[in-house]
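In what comes next, chain A is part of two complexes: it sits with chain B in the first one and with chain C in the second one.
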Partner chain A sequence: MFNPIELRKPSTLLEAVSDLATYGFDARIIAGNTALYELAAQGGLDDVHILIDSSRLGLDYIRSGTDGRLHVGATTTFSQLAKNKHCLQGRNAALGEAASRISPPQIRNMGTIGGSISIGLPFLDMPVTLLALDAEINVMSKDGRKTIKIDDFFVDYFTTALNPEDLITEIVFPEEDGSSEKKEEERGGNSQRSVGFSAFIKIGRTTVDFAVINCAVCLEIERHESKSKSPLVEKARVALGCVGNKPIRRRDIEALLENSELNRATIESAALLPVDFEPSPSIHASPSYKKKMITVSVREALYTLLDRMNSATPIS
Partner chain B sequence: MLTQQKQTVAVGLSIERIDGIPKVTGRALYTRDIKLPHMLYAKIKRSNHPFARIINVNCSKAQELNGVKTFVVGKDFAPMSNEDTPPLARDRVQYLGQAVVAVAADNLQIAERAAELVEIEYEPLPALLEPMLSMSAGSPILSPGLNNFRNVGNYLHIIKGNVNDGFSKADLIIENEFSTVAESQFQMEPLSFLARPDTDGGVTLWATSSGTSKVKYEVSSYLRLDPRKVRVLITFLGGWFGSKEENHLSAVCAALALKSKRPVKLELTRAETMTASGVRHPSIISIKDGISRGGVIIARAIRATYDGGAYGSLGNLMVKNAVMTASNVYSIPNFEVEVYRVYTTRVPGSAKRAPLGFQMAFAIESQMDSVARRLNLDPVDFRLRHVLRNGELNSMGEETIGMSYEVALSKVAKEIGWKASEPPLEYPWKKGKGIALAAKWGYSAPNQASVRVNADGSIDVFAPIIENGQGTYTGILQLVAEEFRIPVEMVNIASLIEGSSSEWGIGTGARASQQMANLGPAVIAACKEAKRSIAHVAASALGVDETDIAVEDGKIYSLSKPSRQMKIKDVFIQGSILLGSPIYVPPHGHGEFRGSSTYLKKIGHFDPKNGQLEDGRASPYYITVAQAIELAVNIETGNVKVMKVAAAMDVGKAINPELVRGQIEGSVMMGLNAALSEELIFSEGSIVNANLADYKLLTSLDTPEILPFILETPYEQGPWGARGAGEASILPTAAAVRNAVYDATGKWINSLPITPEKIVES
Partner chain C sequence: MRIRTVVNNETLDLEISLSNSLLELLRDILGLTGTKKGCDFGGCGMCTVLVEDKPVFSCITPAWRAEGKRITTIEGVGIRDNHHLHPIQAEMLKNFAFQCGYCTPSMVLVAKSLLQENPSPTEQEVKEALSGVICRCTGYSRYVKAVLAAAETMKKGLELDI
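The block that comes next holds the complex of A and B.
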C-alpha cells in the first residue's frame, strides 16, 4: 500500500536534485499527480515514501529562446500548451493539437508535459508527438545537466532513459525553420531554408478517451515561392503510439516521403505502405483494427499537412 | 368532482425539484456521509476463483492484527434458497469476486490489511463461463436443485397459434441471431452500508438499496431476527439503475455490527461495486420469422438465452420481463417465445434499467428492420402494418389497452425527417437514420403511506419513497399538494431530511418504474383519509354532513353551503404545554389528523406448463416508447457520431413534465452507451476493465440533441393516470442505432456494443 510519509517542497532546482540524489528510489517527483495517483492505486508506489513537489521550481514556461528554438518547461500543463501561439502553428502545431486532444479538461489543467513523458506509457499523446517533433529532453541531476535525444528517451513500458535521480527541466524543440545550418552547406551556399509543418491525429472510441492509435507527423519542406508546385519534402518524421512498448517511427514512410513532392499520389502510397509489424493488442482494439487505423491516421495527417502547406503564405 | 375540473395547482407542472438545492450545495445526506461514534470499518475478502470448493478459512493471522475486532463467514447466516446469492459463500464460491469473509476493524486500513491476511484454501473446480456450455449435457450442475434442468434456473415459454404451421405457409423465412454483453449499471454512488446495533438486540441499517421493505425482510431472515428488530433507512441514492437490488451486503454489515456490538460501516470501492451489483445479463437471442407473400409476418419464433451468472436473484421476474417485451407491440398470428436464464460461474446477472427486456427489444427491433429492408419496405410502414391495436390481444392473451404505437412511431419519424432526402455528408462521414418501437411492462406490489395534517394546514408525508435521482420526492409531493390544493411549499416529505424508513410501512421502492404507479395511489388515498377525519370533526361545527365537506387550500367548507367554512387550525387543540399557559380546547378541537393507506393491484401468473396467463394481466399497464435516431458514421475509423434522437414515451400522465423529460434523456444516453460502447470484459471469469478508463462511457461531449416527447394516454388506476417513466426509454435506443448504422453503411451489426472496430471489420 502506498504510504507517503513526507512531501518535500523544494524551491530551487538544486534543492530538488539534491533531494532526488538523497532519497533515490525512495522518492518520486510529483507534478500534476494525474498519473501518479493511479500508479499508487495499482500498487506501483509501495516502495515510495517521499514525494517531491515540482510546482515551485519555475518550470512552467513556454518561450522562444535566443537559439531560435522553442523551450517548454517540464511543469507546463496541457492547457497552457493548447493555447500558446508557439504551439499552435508551423512546425510545432502538433504540440498544441495533441495537448488539446488530451481529455478531459481537468486532466489538461493539471497534467504536465514532463509527467506525461516520464511515466513511460506508450499510448499517451505527448510521447508520440515529441518523437515526431524531434524534441530534446534537458535533464538535471546532482551530477549536472544532460540532454537526451527523444529517439533515445523511451525504453519500455514504465521505463525511460531517466535515472531515479534525474529531473526533467525542459523540453526543447528544433527551430521553426528546420535545423538550417547543415542544409545551407549541403545546398552549396544557396540561402533557401526549409520550413516545418506538423500534425497530430488521434483515433479513440469516444470523445473523451485514450487513443486507440495516435500519430504525429512532422515534415520539413523546401521553402518555395509559388503555390502551383507541390512542396518538396526534405525531412520527415512519422511517429505512432499505441502499437507496442514505446512510440515508434515509421522509417519506411519517412524514406518514401523524403525527397518526394507531397501530393495526392505520394500521400496515398505512403499511407498504404504495408504495416509490416504486429501492433500490440489491447482490450480496446485488435491488431488488425489497429493496422487499419495506422493507415487511416497517417493518411489523414499527411492530407492535413498538405492543406496547411497550401494555405501557408509563401515567403520569398 | 369539483376539484377535477379546476386547474391543477401542482400536478402536471414542472415545479422545481425539492432535492435540487440540497444536492448542488452538497447538503443532501447520503449513506457515506453518516458517521457514528465508535464506528468500525469493514472490508470483504473475495474469492479469486470463478468456481471452487472452500476447504478451509483461516483468520488467525488477521486476528492478530492490532485493531481487528470481528469476522463473519458464510455459516453466520441462515441458508438461503438456491436462487439467492448468499451474503458470504458457504461451501463453495461460484464466481470470481464473490464475498467469502468480512472483517471489521478500528479503521479502514487495518480492515484492508486484515482482509489480505485472511487465508482461504480452495479446491478449484472447472469453471462454466458460457451459458451454452453450462446448458450442455455433462456439465457440472451448479446448484443441487437444478439437476433436472441442466443449469437452467428460470424458463418461460409462451405459445400462440402454431408457429410450425405458420412457417410452412410462409413465402420467406428470415432468421437472425443477436447478442448483447454484460454491462455495469455504473451509477455514481458506489454501494455503502452502515449498521448500528440497537438496545433491543436489533439493528438499524442505512443501506444503498432500492427499497426499505426488501432489506428489512431479507436481512431479518438472513440473520434469523424478528423483522421488527431490523430497521432500515434509505437516504438519497446517487443513482441506481438496478445496481442496488442485491441486499446480501446489508446482512453482512448488520451481522458485523451485532457481533462486535459496535456500529459498522461497509463502503465498497468502484471495482467492488461493479462486481457486487451484478451485471446486465449477456444474451443470445435468435428470431425466426415466416413472412407471407403480402409482406406480413405470419409466424415468429424467438429463443432467448440469458447468462444469469452464479445466482438467480430475481430470476423469475427477469424472464417474465423478457416474455412481456416479446409478446407486445406486434400482432403475429403464430408466435412462440422461449426464454432461458442459465447459471454460469460468472458475476450474477442482475437488474439494469429494463432488465432482459432491453436485450429482447434490441433483438426484435433489429429483426423488424432486417426483414423490412429485405422486403424493400419502409421500416416505419412495415412496423405500422404489424402493431397491435387497442382492444386486440397480445401474444400472452392479454388485452391491449391504452397503447399509442402508431402515434409514437409517427411522431418520432416526423421529427427526425424520416423520409426527407438530405445532402450527403463530407467524406468519410455517412449519415444514417434508424427507428425502433417497444413497450415496457409495469409491476405491482403493495405500498403504504401516511400523511399528517398540521394546524397551519401543511402536510407531512411519511412514505417509503426512494429518491435515486429520478425526482420521486418531488412527484409525490405534487400529488399531496394537489390533493389538499395547497402550495407545494406546504408539503414536507419527511424522507428529505434523513431518508425513508422501513417503519413507515411497506414499500416496493424504486424498481421497475412502478413507484409512482403503486406508491402514488397509496399516498392519495392517505390524503383522502386524513381529509375524511377532518371532515368528521368539522361536520358538527359547520352543521353539515361529513360527506358535504371539502378540505382545500387550508380551509374546511361545506360543498352545498360554501359560506359555511372554517380554518384547519380551528379543528386543532390550541395552546402550549411548555409555557404552562392553560390549554385552550375549542369546542370541536381534536388532537391529530392522519391518514394512511395501502395500495395493491393484483396481477396474474403464468401457468408453468404452457406459459399462458392464468388469471388477470401479466402487467397492470404498459408504456409505449418509440425513438428515431440520426447519426453519422466515419467509414474509415468506424466512429459513430449520434446527432439527433427523437424520443417519445407514453407515461399516462406526466406529474412533472420536466422530470419525465430528464428520464427520457437519461435513458437515451444509457441506451446509446449500451449501443456503442459499454462492455464488461471478462478474462477467465474476472472483469478486466473495472474502472472508468477502460470501461468506456460516453460523456456530455458525445451527447446528441435529444428531443423528448411526452404522450399522455391515461392508465385508469394510476395517480392522475400516470404509468411510469424510469426505464422505458432505454428499450428502443440500441436497435435504432443499429438500424441507423445499416442505413449509413449497409452493414448489419447484430451484436452489442456496435464498436468502431466492428463497423470497420465487418
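The block that comes next holds the complex of A and C.
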C-alpha cells in the first residue's frame, strides 16, 4: 500500500537534487500528481516513502530564450501551454494543440509537461508531440546538468533515460526558423531559410478519453516568397503514440516527405505507406484498427500542415 | 502534519496525514460532504473543487497541496442562510438540469470557474468546460442550457456570488 512517510519541500533546484541524491528510488517528485495517485489507488508505489514537492522550484514558465529557442519549465501545466501564444503558432503549434486536447479541463489544470514525459507512458499526448518537435530535455542532478535528446529519452513502458536522482528542469524546443547551424551557413543575404510548421492529431473513443492513436508531425519547409508552388519539405519528423512501448518515428514517411513538394499526391502516398509493424493492441483498438487509424491520422496531420503553410504569410 | 488553508473564505489550521487526499480533507476532516467521491482516481469528476478558482480533481490532489491555497467547494457557492442561490444553481433548477444530483456540485463549480474567466461562453466552450464531469441521469444538454442561461443572468448584473 502507498504510504509515504515524509514530504520534502525544496525551494531551490540544489535542495531538490540533493534530496533526490539522498533518497534515490525511495522518493518521487510530485508535480501535477495526476498519474502518481492513480497508480497508488491501483495498489502501486508501495516502495515509495518520500515525496518531493516540485511546486516551489519556479519551474512553471514558458519563455522565448535569447538563443531563439522556446524554453518550457518542467512544472508548466497543460492549461498554461494551451493558452500561451508561443505554443500555438508556427513550429510549436502542435504543443498547444496537444495540450488543449488533453482532457478534461481538471487534468489540464493539474498535469505538467515534465510529469507527463517522466512517467514514460507511450499513449500520453506530450511524449509523441515532443518527439515530433525534436525537443531537448534539460536535466539536473547532484552531479550537474545534462541535456537528453528526445530521440534518446523514451526507453520502454514506464522507463525513460532518467536516473532516479535526475530532475527534469525544462524542455527546450528548436527555434522557429530551422536549425541554428543552417542559419549560420546562410547568413550571406540568402533568404532561403527554412520555416517550421507542426500539427497534432488525436484519435480517441471519446473526446475525454486517452488516445487510440496520437500523431504529431513537424515539417521544416524551404522559405520562399511565392505561394504559387508547393512547399518544399527540407526536414520531416513524424511521430506516433499508442503503438508500442514508447512513441516512435515513422522514418519511412519522413524519408518520403523530405526533399519532396508537399501536395495532395505526396500526402496520399506518404499516408498510404504500409505500416510494416504490429501496433500494440489496447482494450478499445485492435492492431489492424490501429493500422488504419495511423493512415488516417498521418493524412489528417499532413493536410492540416498544408493548409497552415498556404495560409501563412510568406516572409522574405 | 499541520497546514493552513482557506476553504470557502475561512482560514483554517488543520492536522492532516501525508496520504490524505484533498477530498478526504474536505469530507472526512471538515465534514463538507457536498463534494462527492466517485471513482477516486481522477476519472469521473464527482470530486471537482476549485483551487484558486480553477477546477481540479480533489481525489488525486494531495491534501498538503492545499497549504496556502484558496479552496472553493459547493458549500461556498450561493448564500445558504436566506436561501439565495447562485444564478448557476437557480438556472440549473429552472432548467431541470439534474435528477439525482450527485454530479451537480461539480457541474456548478466548473460552470462557476468558466463564467468567471469567460462571461460569454459559446455552447461549445460550455460543453468543453463540463466535459470532465460525468452525469448519468439527464445527459448534458440541460446542464449546457442552464449554464448558457446563467451567463445571460449574470451579465445583467444579477450576480449573487459571495
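The definition used in the following text is that the second predicted complex is superposed on the first by the 305 of 316 C-alpha atoms of A that agree within 3 Å, B and C clash if a C-alpha of one lies under 4 Å from a C-alpha of the other, contacts with A are read in each partner's own complex, and residues count from 1 in each chain.
In this section, a contact is a pair of C-beta atoms (placed from the backbone, for glycine too) under 8 Å apart; a residue touches a chain by one contact, two chains touch by 3 or more.
Every value quoted in this text rests on a predicted model; they were computed, and no experiment measured them.
**Student:** In the overlaid three-chain picture, which partner chain does A:Thr34 touch, first (chain B) or second (chain C), both, or neither?
**Tutor:** second
**Student:** Thinking of the overlay built on chain A, is A:Ile203 touched by chain B (first), by chain C (second), by both, or by neither?
**Tutor:** In the superposition, A:Ile203 contacts chain B only.
**Student:** Per the contact definition in the header, classify A:Ile168: touching chain B only (first), chain C only (second), both, or neither.
**Tutor:** A:Ile168 sits against neither chain B nor chain C.
**Student:** Where does A:Ser288 make contact in the superposed view: on chain B (first), on chain C (second), on both, or on neither?
**Tutor:** In the superposition, A:Ser288 touches chain B alone.
**Student:** Once chain A of both complexes is superposed, is A:Leu51 in touch with chain B (first), chain C (second), both, or neither?
**Tutor:** second
**Student:** Once the structures are superposed on A, label A:Cys215 by its partner contacts, choosing first (chain B), second (chain C), both or neither.
**Tutor:** Once the two structures are laid over each other on A, A:Cys215 reaches no partner at all.
**Student:** Looking at A:Val296, would you say it contacts chain B, chain C, both, or neither? Reply first, second, both or neither.
**Tutor:** In the superposition, A:Val296 touches chain B alone.
**Student:** Is A:Leu7 contacted by the first partner chain B, the second partner chain C, both or neither?
**Tutor:** After superposing on A, A:Leu7 lies in contact with chain C but is clear of chain B.
**Student:** In the overlay, answer first, second, both or neither for which of chain B and chain C A:Pro105 touches.
**Tutor:** second
**Student:** Output the chain A positions appearing in both contact lists, the one against chain B and the one against chain C.
**Tutor:** 103-104, 207-208
**Student:** Using the touch rule from the top, collect the residues of chain C that touch chain A in their complex.
**Tutor:** Residue list for chain C touching chain A: 1, 18-19, 21, 40-42, 45, 48, 51, 54-57, 59-62, 64-65, 110, 128-129, 131-133.
**Student:** Can you tell me which positions in chain B touch chain A when the two form their complex?
**Tutor:** It comes out as residues 109, 112-113, 636-637, 639, 676-677, 681, 688-689, 693-694, 696-699, 701-702, 755-757, 760-761.
**Student:** State the interface residues of chain A toward chain C in the complex, per the touch definition above.
**Tutor:** 2-7, 30, 33-34, 37-38, 41-42, 51, 53, 55, 79, 103-107, 109-110, 207-208
**Student:** Which bits of chain A are touching chain B when the two form their complex?
**Tutor:** Where chain A meets chain B, its residues are 1, 103-104, 203, 205-210, 212, 283-286, 288-289, 292-293, 296, 300.
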